[in-house]
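Let me give you the structure first, and then I'll get to my questions.
Order of writing sets the labels: A, B, C and D. Residues in every chain begin at 1.
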Amino acid sequence: MSVLIDLLLAILTVYLALQCLLAQRLSQSVFLFFAFGLALALAWVRLGAVDVAITEAAIAAGFMGVLFLDALRDFSPAVSENQEDLKAVQNPPSKNATKSLLLPRLALGLGLGLFLLIALEAVWKTPDGGGLTAAAVALLPESGVEHPVTAVLLNFRAYDTWLEIGVILLGLLAIYAAGGINLYRKPGVAAKDPLLRQVILFSTPVLFLFGAFLLYFGKTGPGGAFQAAVLWGAIGIMLHLGGWPVFAVLPRWLGQLILTLGLGFFLVLGFLFMARGDALFEYPPAYAGILILIVETLAAISIAAALTTIYANINQMQEEPKQNESTT
Amino acid sequence: METTSLLPLLILGSSLIPGVLILLLREDQSALRSFLNLFGAVAKVSLIAWVFAGYLRGEEYTFIFRLAPQLTFALQVDQLGLFFATLSSVLWLVTTLYAIGYLEGGQHRRRFFAFFSLCITASTGIALSGNVVTFFIFYEFLTLATYPLVVHLGTDKAVNAGRTYLWYTIGGGTVLFLGVVGLYVLAGPVYFGQTEIIASLISENAPQLTILFFVFLAGLGVKAAIFPLHSWLPISMVAPAPVSALLHAVAVVKAGAFGIIRLVYDVYGIGVAEQMNLLTPLAVLAAFTILYGSIRALFQDDFKKRLAYSTVSQVSYIALGVAIPGVLASAGAIVHLVHQGIMKITMFFAAGSVAETYGHYKISELNGIGRRMPLTMGAFTTAVFGMIGLPPIAGFVSKWYLGLGAVEAGSYWVVLVLLGSSALNAAYFLPIVYRAWFCEPDHERVSRIRSGRLETRALLLIPVVVTGLFSLAAGVFAALAGSPLSIAREIAEKFYLL
Amino acid sequence: METYQIYILTSAVLFVIGMGGVFMARHFIKKIIATIIMGGGVFLCFVSFAQRDALTFADPVPHALVITGIVVAVASAAFALALARRIYQLTGEESFTNDK
Amino acid sequence: MTDLPTSPFPALLVGLPILVATLSLFFRPRGKAVVGLMGCLLTGGLGLIALVEVMQQGTVIHILGGWDPPLGILLRMDSLAAVFIGMTAVVGVFISLYAWWFFRAREATNGGFPLFWPLWLFLWAGLNGLFLSNDLFNLFVTIEVIGMSAVALAVLSGKTAAQIAGLRYLLAAITGSMAYLFGVALIYGSTGTLDLGLLRQVLEPGATTTFALLVITLGLMIKMAGFPFHFWLPPAHSSALAPVSALLSALVVKGAFYILLRLWMEVFGVSITFSAGQLIGLAGAIAVIWGSWQAFMQTSLKLIVAHSSVAQLGYLLMIFPLLILAPGVAAGSADWLSPAWTAGVYQVMAHAFAKASFFLSAGIIIMALGHDHKGSLRDLASRMPMTVMAIGIAGVSLIGLPPSGGFFAKWMLLKGIFLSGQWWWAPVVLAGSFLTAGYVFMLLRLAFATAREKEPFRPVPKGLEVCALLLALGSFLIVLPAEYLIQFLESSEAFGSGIQSIMEGGTYGND
């Protein structure tokens, strides 16, 4: 029975992925992408990866989906996958042109098919390497937290996580570089609908509390900085939509502080312990728990701020072509 | 091998450092520039004289810098290298004087003189190279240093000539690179003079060695302008006269010819080369080039082009001499390095002076020029007689030795080639001499560009006369100890000792 | 057939679909979506192994890697989206015009 | 593993640039540039000090968080990593100084692109992190840091062409990293470890390992623009701002090559066959010819230089076939391994210096003339002798004429080719040199030609010209310490090693 559920879910995921890429209209693609993300999140749950499921649903499907939705306002809705074909209807090309397109595509298709076969064989035959569960279990008591995923993220492999927080900040900088707006000069466009504004105002504290809950319980169970960050980021995004661009209200330096605090504190803390003679990101077991909680909280705040800012930037990209003057 | 002296490095530095300094000067600091140039030139001649004296006393001058295990940059002093270095440095000094006069008031002189110095650095580097790798480094450096000189005028013609020059020389360099690496892989780091290395490989790797020899030859043949790799040379004649003089008499073609000498005598060894039958093809090719160049020269009206084809022909005497086994032919080849150099440089100086003073570039315009510029044309005529092979001028000595060598080796066809070439030389040079001295000047066309007490500017006149006298002296005093011929004989005899 | 085996096969399929999509899709947004699908396949592969290697709980290391990976992938995708919108805004292009 | 000396430098090399980048965000544009430049000088100095540290101490490690692998992550700085870090430091400092003057000169019109500084510091941290990383997944994160900051820098100019090229670059980069990560997933699944040192011991041949190697190689080839995945490189590199182009070609593509080399030689030896090496070599050979030819056909300076990168990277791929021993060759007798490795390292360094100088010079010309059509070089030799000199010297190194670093690399490559008996690669090396000479001298020829009409000419800051010239000279100076450097590199485990495929009857590794 359970195998059947998994099988169906697997088929559904593949189907959604394919449809998402083959859909004629862009909006269909985006909605199918949402669905794909949710199906994948279900798959994570089936595989016992609740943390991943929350992250997937919140960031990959949720946040990214919202960004794609927002982009729909921009790109022409009638866009079809086969622009070439549309043009072809208008002025029929010579046979050669169609042929020249067909052949490489056929070759690519065949190549991909072959590649798929090899890939399937490879994953199927993967020997059992045993993983690192035992090692993680053995060292868990020294990590300062009880939830193994949090222990790996913020202690055993804290370096990766720190770099990843850096990547988010980098993503924001990159969007500025791509011609993003200057957040501090342009207020958001207020939603006209008073009801929407009420809903936003009402949901803000709820989301905040839920995020805090996830963050705190990341110590013992599924949840943690990233999941909380997305919820808090959602607050920022909604406030932005409601016409309260949080970062435009805050003083410049405070906005910057919030954005960089997670990355900065994480590193400075690491350097401080390094100065004591330890390795980077090495915490004394006695204080590890509390230190990790602080690092996580600050990281969550920064990530939430970054997500909000990323959204605000992409959201407002359309409105006003700007020159490349960008300051954080 | 260890470094025993920094003097070889200093010899290179004596032109490299002025070259770099000149590049840093301003265009209008011409006095300082000339001073640096001459200082470097004089310093180089003195240093080489010093080292030569030391060498004759039996001292060793070696500079080694290890780049990688078994890959060394080596400067080494031997008699052949010193011989070539002396030639380069003396002629450089003379050419520098000439160039200062020639380019007076011209454009881009900073660039010109800087690269001029770098060029001679490369040339002395080639002379002092201790092994094949070092030789290759300077050989390529020479290509690069001469390029800005060839395109100096910046006209489309000059730029296109520069392109041809580069295609040939870079192509030749690439082939040579293949040969150098091949030799290195096969035989390890080969120092010049260590002919025993190749000799020890001959039993096992004969085919590879044969291929390598011809790869080397193809690479070196470009600069030595051996048919069919010679076309760049006449085309590069667009360059200013001192550059042509330098390219033809001292630096570029001689680098190729010198390379061939090194390859046959100091890498393979004459014994091995003869045993493997490598020399006959070289001899045939050289002989063909001699005749071909002369015939092409007959049909050129452009003064410098005729000289250029003459160079194609004359430089192959060196290759020919190398290809004939025997002390006499070898001595003839080696001494021709010097003899051809001083004679040809005289001719180019003369051609340049005529062009600079009267604006004549074509042979058909030279009627009566001898009366207006008697000293210049006198020197030119001396060189012409030398080229033809009239005693007692330098060229006669070379040809005599080559001929004797050919007879000694039993290659009688070579004697025919030499005779034919002399006849052709006479056929294309004597008309110039005849026009210069015996034809009535074409009065309407004569308009002197420059005026002065002398027949031309002193800096243009003195070098011509000096090199003209050299050509005479090298022939007249050939029998004395210390003459180019006696040194060349010594060098050649050593090659046959083994 | 065990649960993880189903998903591990799915992961290879998703990866190949995504890869094909990156090459074959024309619209910028679809190319970006394709990269996320590709990533989805990769992450599914990690998590399937985590489930296979479970003791009292699933292997936490792949979970952590996947969380990191998702965030990194989303950051790049958001950047790509920003670029795509910017290009559309400047030129009206929705796909690479000189694509082969 | 743990008996190696611990050093704080690996951690500082990654942490410090990011710390400065973060700090710089608090400043206004002018301050960003000042703080950024200081950070660059600091990072560069740190890189050189770390290099000296490794020279004295040998390989050093830093166990992050104090957790040993396989659970934790280890930073490992051996001589190979140290040389790459040192190279990045020197080239990086010069490019930073250039950028300082370059952006100062444009401050009035374009706002001086203050974002350059934090992005470049992130990029630098990513590169250092990549060279130091000893963990498959951490490598993924570092290549993402590098990829994102590189694309962000590439689109910084705000020009449409740059943004289109940037998106193409970004999509290629993401695809590449995902392919790489798929391989990592399979390797983790089959071994339960991500640490390179442990993997070397436990990885076993099989369908999974081979497939993982395939996708990892594929991903990294896309990232390093190896043929046939080079399509994104020329537009992206040529449309970026000059200092950025220099960074991208000199340093960024080398990162992917570095991992590819390390993974092939240190980790995946069990799955690699002789023919796999030949295949990579073939891709490199085609890249050399195709890239050079394309460069020859271009009309704008930056496009010429960008296509030339494709060719120069091809040479890097050509060392792979030499490092994999043919069936039946005894590992001990393979005397071409050290030359091949030397060729790789020197090609990386020579190309980094020369190409950086080339792009910086192109930037100077654009600044002076307002465009970079190759015809614009006419008569430049008399107006900007220093820049033409830089192009000339860098070009000579690219061609591989003596005594440049490029020459040394090609020398070693040819030596390796002949010693290994794989003579069929030799014509490619020579033809590549010849074609390179073609486009380099096409440029220089123009520079010496007299202009038909004088173009308007804006003077440029001298500092820019000096930076470009010094970098060009650097491509020659690296030859001087060659012997010492090779000796130093040989202390690295990887350097000088070769692989013999188990499937073809060899034993793993050359030890």
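As a convention for this text, a residue touches a chain if its C-beta (ideal position, glycine included) is under 8 Å from a C-beta of that chain, and two chains touch if they have at least 3 such contacts.
Predicted model, so just to flag it, every value in this text is computed and none were measured.
Peer 1: Using Cα averages as centroids, what's the distance between chain C and chain D in whole Å?
Peer 2: Averaging C-alpha atoms per chain gives centres 27 Å apart.
Peer 1: With centres defined as the mean C-alpha position, give me the chain B-chain C separation in Å.
Peer 2: About 68 Å, centre to centre.
Peer 1: Quick one: report the Å distance separating chain A from chain C, using the average Cα coordinate of each chain.
Peer 2: Taking the average C-alpha coordinate of chain A and of chain C, the gap between them is 11 Å.
Peer 1: Spell out, as numbers or ranges, the residues of chain A touching 2 or more other chains.
Peer 2: 119, 122-123, 126, 128-132, 136, 152, 156-157, 160, 164, 167, 170-171, 174, 178-179
Peer 1: Can you tell me which residues of chain D touch two or more of the remaining chains?
Peer 2: In chain D, residues 71, 137, 141, 144, 148, 151-152, 155, 163, 166, 186, 188-189, 192 touch at least two other chains, as defined above.
Peer 1: Give the residues of chain B touching no fewer than two other chains, as numbers and ranges.
Peer 2: Nothing qualifies.
Peer 1: Chain adjacency by touch: line, ring, star, complete or other shape?
Peer 2: It is other, because the touches fit no line, ring, star or complete pattern.
Peer 1: Which two-chain combinations touch?
Peer 2: Listed by label, chains in contact pair as A-C, A-D, B-D, C-D.
Peer 1: Once bound in the complex, which stretches of chain A touch chain C?
Peer 2: Interface residues on the chain A side: 2-3, 6-7, 10, 13-14, 17-18, 20-21, 26, 29-30, 33, 36, 40, 43-44, 46-49, 51-52, 55-56, 59-60, 63-64, 67-68, 71, 74-76, 79, 81-84, 104-105, 108-109, 112, 115-116, 119-120, 122-124, 126, 128-134, 136-137, 148-149, 151-153, 156-157, 160-161, 164, 167-168, 170-171, 174-175, 178-180, 226, 310, 313-314, 317-318, 321.
Peer 1: Which residues of chain B touch chain D in their complex?
Peer 2: 23, 66-69, 71, 73, 107-108, 111, 136-137, 140-141, 143-144, 147-148, 151-152, 154-156, 159, 162-163, 166, 170-171, 173-175, 177-178, 181-182, 184-185
Peer 1: For chain D, which residues are in contact with chain B within the complex?
Peer 2: Contact set of chain D toward chain B: 342, 379, 381-382, 385, 389, 392, 396, 399-403, 408, 410-412, 414-415, 418-419, 426, 430, 433-434, 437, 441, 444-446, 448-450, 479, 482-483, 486.
Peer 1: Looking at the complex, which residues from chain C come into contact with chain A?
Peer 2: Those in contact with chain A are residues 1, 3-21, 23-27, 29-30, 33-34, 36-37, 39-40, 43-45, 47-68, 70-79, 81-86, 88-90, 94-95, 100.
Peer 1: Under the definition above, what is the set of chain D residues touching chain C in their complex?
Peer 2: Interface residues on the chain D side: 71, 137, 140-141, 144, 147-148, 151-152, 155, 160, 163-164, 166-168, 170-171, 173-175, 177-179, 181-182, 185-186, 188-189, 192.
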